[in-house]
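Next come two complexes built around chain A: one with chain B, the other with chain C.
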Partner chain A sequence: MWQPKMSLNRRRFLATTALGAAAAATGSLAMTSVLLAQGAAVKLGVLHPVTGALSYSGQQGRLGATMAIADINAAGGIKSLRGTKIDAILGDAQSTPQGGTAEVEKMNAAGAAGIVGGYASSICLAVSQAAARYNLPYVVDVGVADSIVKRGLKNTFRFGPGFGVIAKTALDNLVAINDQAGKPAKTVIIVHEDSLFGSGLAKLLNAQLPAKGFQILDTIAHPTPTRDFSTIVLKIKARNPDLVIPANYYNEYVLLARTMREQHVRLKGIYSVLGGAASSYKFVHDFPEAARYIMDCNHWFNPHSEKALALKKKVEAGGHYFTYEVYMNYSAVELIADAFERAASTDRDKVIAALASSTFSGHIMPYGPTKFVDGQNQGAAPVNTQVLDNDIKVVMPPQFANAKPVFPMPA
Partner chain B sequence: MKGFLLIAIVVAAFAAVPLVVHSNVTLNFLVVALLIALAGQGWNVLGGYGGQYSFGHAAFFGTGAYVTAVLQMRYGVNAWIGFAAGIAAGSAVGAIVGTLAFRAGLRSSYFALVTLAFAEVLRILASVAPITGAGVGMLIKLDLRAQSFQFQSRALFYLVILALVAVALVTAQMLERSRFGAWLIAVRENEDAAMALGVDAFSIKLGAMVLSAAITAAAGGFYAQYFLFVDAGIAYGTWISIEALLTPVIGGVGTVFGPLVGALAAKSLGEGAKLVTGDVPGLDLMIYGAMLVLVIRFVPHGIVGAFADVSDRIKRRVLAARAPAREAVHG
Partner chain C sequence: MPSPLILVAAVLNGLMTGAVYALVALGLTLIYGVLHIINFAHGALLSAALFAAFFAYQILGLDPYLAVFVLAPVFFALGYALQRFVIGPAARGDERNMLLVTLGLSVFIENALLYAFRANTRTVEVSYAFKSIDLGFTFLAVPRLVSLAAVFAVAFVLWLIMALTDTGKAIRAVAKEKLGAELAGIDVAHVYALTFGLGTACVAIAACLLIPTYYVNPSAGNAFVPVAFTIVVLGGMGSVPGALIGGLVIGVVESLAGFFLGESLGEVGIFLIFILVLLVRPRGLFGSST
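For the complex of A and B:
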């Protein structure tokens, strides 16, 4: 009975394979994932890991970028280009550097005037190099590795802060918060994921925390994904630190925080640096008990910005959480759109020059004046947040704060 | 000679691609497919011809990648020399893993698990050792010059990986025709019987492991030069062990062209699925997975194996048709 079906499936398989091979041979793969240009629209590559281990963050990033494009288009497009609209060329890095590189090739072939996104540092590194081959302007959305903008690539720009600035701010703020509370925290355990982001951060913290008067009891690495934190939490419980500093992505962060709560680990604080979930409304909504009083030094929007609050409302109305991927991508797209506006052109050299000399303002981030040095925005800085009253409040720095820190956290 | 001629024709046809195709999208696609084919051919030497199914070829791929990167970035060694050293180091890891596993008499699933364990150990070591950049990984400096094993043109990268695949194809073809290859296949078919006939199974398997590791390490070294970044997850992650294993399974285990056909089919299938699904995240991967299941279910000997099966069936029918005629003549 199944014989004819088998033969049909085989034919189908071969037909699909042949289709793919033929498409590859003719170069028509460039058309995949491409929203075709309408007229003379400015094509912008929107590249995220929307499948694979980082898919949630990637999809959030894509959401932010496409919302920015929609808003810019609704506001009249690029005015210096006679109201030309921006068309998104969507790409999926599949959570791998090679996936990101392949998408850059497609975007370049499709005539992209620039690329925004990447999310993970390893993807950003690969994407920036692939884009540099074509002098294709690239705005990093999140990737925080300092090496992304320290290789002399003229095409690569990062609007947000890098590791160095984030770690310094996090440490300074930790010391300030601890000092204000009478120095209750003295010992620390760092739990980090073992790729570029977590390990880089752990290295920095290990180098700098002792000088700030903290004793590091242990540094525990884990892979992404990790689906069981019982052993790690038992280890934490046995060492009984005052502070736990997690540095991992969303799923692992949630699991770690929940496991610590379940195993009644008594801490004076959970202080994250770029905590994957600590500054996430989804985490606060889904696991309010585990999230309570967690502090984080992370990317955040300006809580005093009307524009940011309006965007938050719009994102939430769409059934999504207003995560850092959303507003960082929103801002990255606004930055490159501003560069198109200033350059009055989509010529790659002119756009890169416009980005390099950008003084982009009126954005939704809590940053100082925009000024790029070697591709890094010098005005970018993280803020400290804390989960208070089932909400996420900014507690540092004072000019952007909308609450005071609660430390040590009540038992 | 027929086999070598076919390899020459196939390689020549592939070499002509950059003359007619100038799309970097296509060239990048082919480079990645050939890279996976190379790693798959490495697995095929040991798993296909030797019957030793490894789940840990990442150990060799990663060593090739890391040695290539570390020698350049930490010690200023020329990239080409680093690449050669990466292949040598991958072979050395193969020799160590092979000696330990085969000396202990590990076979089938036990061997598979041990290779997986070695790859995992190396991944963890690479994610903490300062020399590999720990979890931060190794970034190779962008230096688009031939002497740095970096090219502005994707076509040159393509020709380099094609040359490596050609060497791997010739190696597999030689293996099929050599005494060493015959011994290796004998070990695969029945190790005890082969040993009873005087075949030194340990040495044969070890030799295959070293050769297999060298080919896979070459793929790793090339990866490092092409993407200019390696970290523990990329170099020693299970993804490459699976890719190296899947391509010969799809294309045809224990056949010269199996890994190449498998890699092209799998990658084309992935891209074909993307063409069909557009921008819906993950749908292409679901279709890709479903198609793989169908292929493995209905073409158990792989694509090349299926062609061979059909060819055998036709030959048998022709012979069967001739036999009564002969009997009638002689009767």
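For the complex of A and C:
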């Protein structure tokens, strides 16, 4: 087709883009209300690292978010908006912060009423900042770095617990479990991956464990990926600790646990904090022997919630594992849908206000009452799990527990 | 000072880990020695082979050690076809182009695996995965001992092929003097493809030996590539005995450095060797001086 040639000089460029931006700003708001009045969908950005190094977690996260959207739509959509359905705008952060930022731009341009996801702390940090520029409500699904909610961004909310709360709970519960058993564990070796997550945790444990009566025999860092754990396990055997505390990602966690079993390492317990595989049904299914009695302080669902168990069944029926990414994203979507419901609008200010004042209940997480302070849900907390009878049981805190901890682990 | 027995255990561990490194490096060094290109698709091909070994076990119930006899020929054919019909024609005879084509192939293979099998990490549980021999001061894992024995066997067979067969002679001739070999009637394109096939078959064998104790996902193979490059440089580019000895040396260095300096710094030992070899003996331990 013939088109007239147009030269694009600076003046024309500025004029057209300025006009376009103004039209988009006013037009998109007007459009939103017109479309909503017609019962068009509420657009929700679902942003995860579905390719690249974090792709497994990202894909699991997307699964949880899209299942929540499907369930909400099947139950009649957003009722205060005359049953408007939620429409997912799927985004791929490509496992990088800049990938996440680029998706925020696209989602904003597509008229998203909010964004859910991020997964990794680094991506959440970038996404929250990019979304804040557009006053776009953002619910963090997993990212545990405390700084995500400590930068005064009004648009950012985290339903799950942050690193500080997780580490404190992990230490308190370790002391409680050890005390209940008559303090059998006195010495510890920490095995951690050497990036921000593992090193930060190791530093915190080194600072706090001695004060709680534990002697740290060694702190062993390793890179990700690590191909072989034989040398690390040799060191562990040589020092013969009561407890090993691993802080690493799934693959390395599995290799470490397998090598410890292969080398017949005898311990009183393996206690992880946000352990890569410790609270993973896949690990328990694939290596029941190596996984037995491993304890973990991590994100988990409420095992007494009928809704959680029904969701687990549904996820497993689809051939997927019920990992924390799934139920944390499911909950994050439910939280923002509840905000749409109470705001009775997709106006960004109103949705942010509804999130800030949220007392969202009826969710599937083992949390206290929902109350947001500076974007952080004060009720959020991790639980302690243990691999018992080829299953993962909650052993702490008592109100959510469905088993008692077995410690020290039987030889 | 740690007890000498622990150091012996660390050395034994290093040898067994080094065996698998050597096997991955054998393929790389063969391809380099003849085609004079660094095969960037090596890691991706290893991931693909790990998937093949995984599915051979999951779907066909084929034990990884038996799967070697199926997958090595299959991957030989795959490697042959890749070089003959993809890399060779796309490169149009320019070695620099070949390098870029293998880089492109690696991106393609990795993403095809991601698309087909998702990022899920998979493992097989064979009955002998945790079998070990008690030496009193340490346990030697049976699957890793098998790898050690297998790498010697593979290196021996490769050496036999290279030294005694006409194919081996043709490969060596092309490696030394491509034009001369061509003038003597050797089909260079065929020899290139044969060599690429042999290198890829080595990767398939490495995958079958790895899968009982390792895991597979679309990027699992990449973990072995930097170390394999180092081994190729250490042993001498294109040298089969060099890759074998280099692999074992690197395994032991990694193990001991990890023991004394910590795992994060253990890799430093490997790359220190890499730089030292390049400075002091750029042709490597067994590399020819030409």
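Convention: the second predicted complex is superposed on the first by the 372 of 411 C-alpha atoms of A that agree within 3 Å, B and C clash if a C-alpha of one lies under 4 Å from a C-alpha of the other, contacts with A are read in each partner's own complex, and residues count from 1 in each chain.
The definition used in the following text is that a contact is a pair of C-beta atoms (placed from the backbone, for glycine too) under 8 Å apart; a residue touches a chain by one contact, two chains touch by 3 or more.
Please read these numbers as outputs of a predicted model, since none were measured by experiment.
Quick one: classify A:Thr51 as touching chain B (first), chain C (second), both or neither.
In the superposition, A:Thr51 contacts both chain B and chain C.
Per the contact definition in the header, classify A:Pro223: touching chain B only (first), chain C only (second), both, or neither.
After superposition on chain A, A:Pro223 lies in contact with both partners, chain B and chain C.
With both structures placed on chain A, which of the two partners, chain B or chain C, ends up touching more residues of chain A?
With both complexes superposed on chain A, more residues of chain A are touched by B.
Going by the contact rule set out at the top, does A:Glu262 touch chain B (first), chain C (second), both, or neither?
second
After superposition on the shared chain, which partner residues are touched by A:Ala317: those of chain B (first), chain C (second), both, or neither?
In the superposition, A:Ala317 contacts neither chain B nor chain C.
Looking at A:Ser195 after the superposition, I want to know if it touches chain B, chain C, both of them or none. Which is it: first, second, both, neither?
Touch status of A:Ser195: first partner only.
Classify the contacts of A:Ala211 with the two partner chains as first (chain B alone), second (chain C alone), both, or neither.
neither
State whether A:Glu289 touches chain B only (first), chain C only (second), both chains, or neither.
A:Glu289 sits against chain C, while chain B stays out of touch.
Touch check for A:Ala109: first (chain B), second (chain C), both, or neither?
The answer is first: A:Ala109 touches chain B but not chain C.
Once the structures are superposed on A, label A:Gln59 by its partner contacts, choosing first (chain B), second (chain C), both or neither.
In the superposition, A:Gln59 contacts both chain B and chain C.
Just which bits of chain A does chain B share with chain C as contact spots?
The overlap between the chain B and chain C interfaces on chain A comprises residues 51, 55, 58-59, 194, 221, 223.
Write out the stretch or stretches of chain B touching chain A in their complex.
For this pair, the touching residues of chain B are 17, 21-26, 28-30, 32, 127-128, 134-137, 139, 141-142, 144, 152, 154, 227-229, 231-234, 239, 264-265, 267-275, 278-279, 281-282, 285, 291, 294-295, 298-299, 306.
In their complex, what parts of chain C are in touch with chain A?
My answer: residues 2-3, 6, 9-10, 13-14, 16-17, 111, 114, 118-121, 123, 125, 129-130, 132, 138-139, 141, 213-215, 217, 219, 223-224, 227, 254-255, 258-259, 262-264, 266-267.
Residue numbers of chain A touching chain B in their complex, please.
Chain A reaches chain B through residues 6, 9-10, 13, 16-21, 23-27, 29-33, 35, 50-51, 55, 58-59, 90, 92, 94, 96-98, 101-102, 105-106, 108-109, 122, 125-126, 129, 132-133, 145, 147, 151, 153, 192-196, 198-200, 202-203, 221, 223-224.
Contact residues on chain A for chain C in the complex?
Per the stated touch rule, the residues are 51, 53, 55-56, 58-59, 194, 220-223, 225-228, 230-232, 234-235, 238, 250-251, 254-255, 258, 261-264, 282, 286-287, 289.
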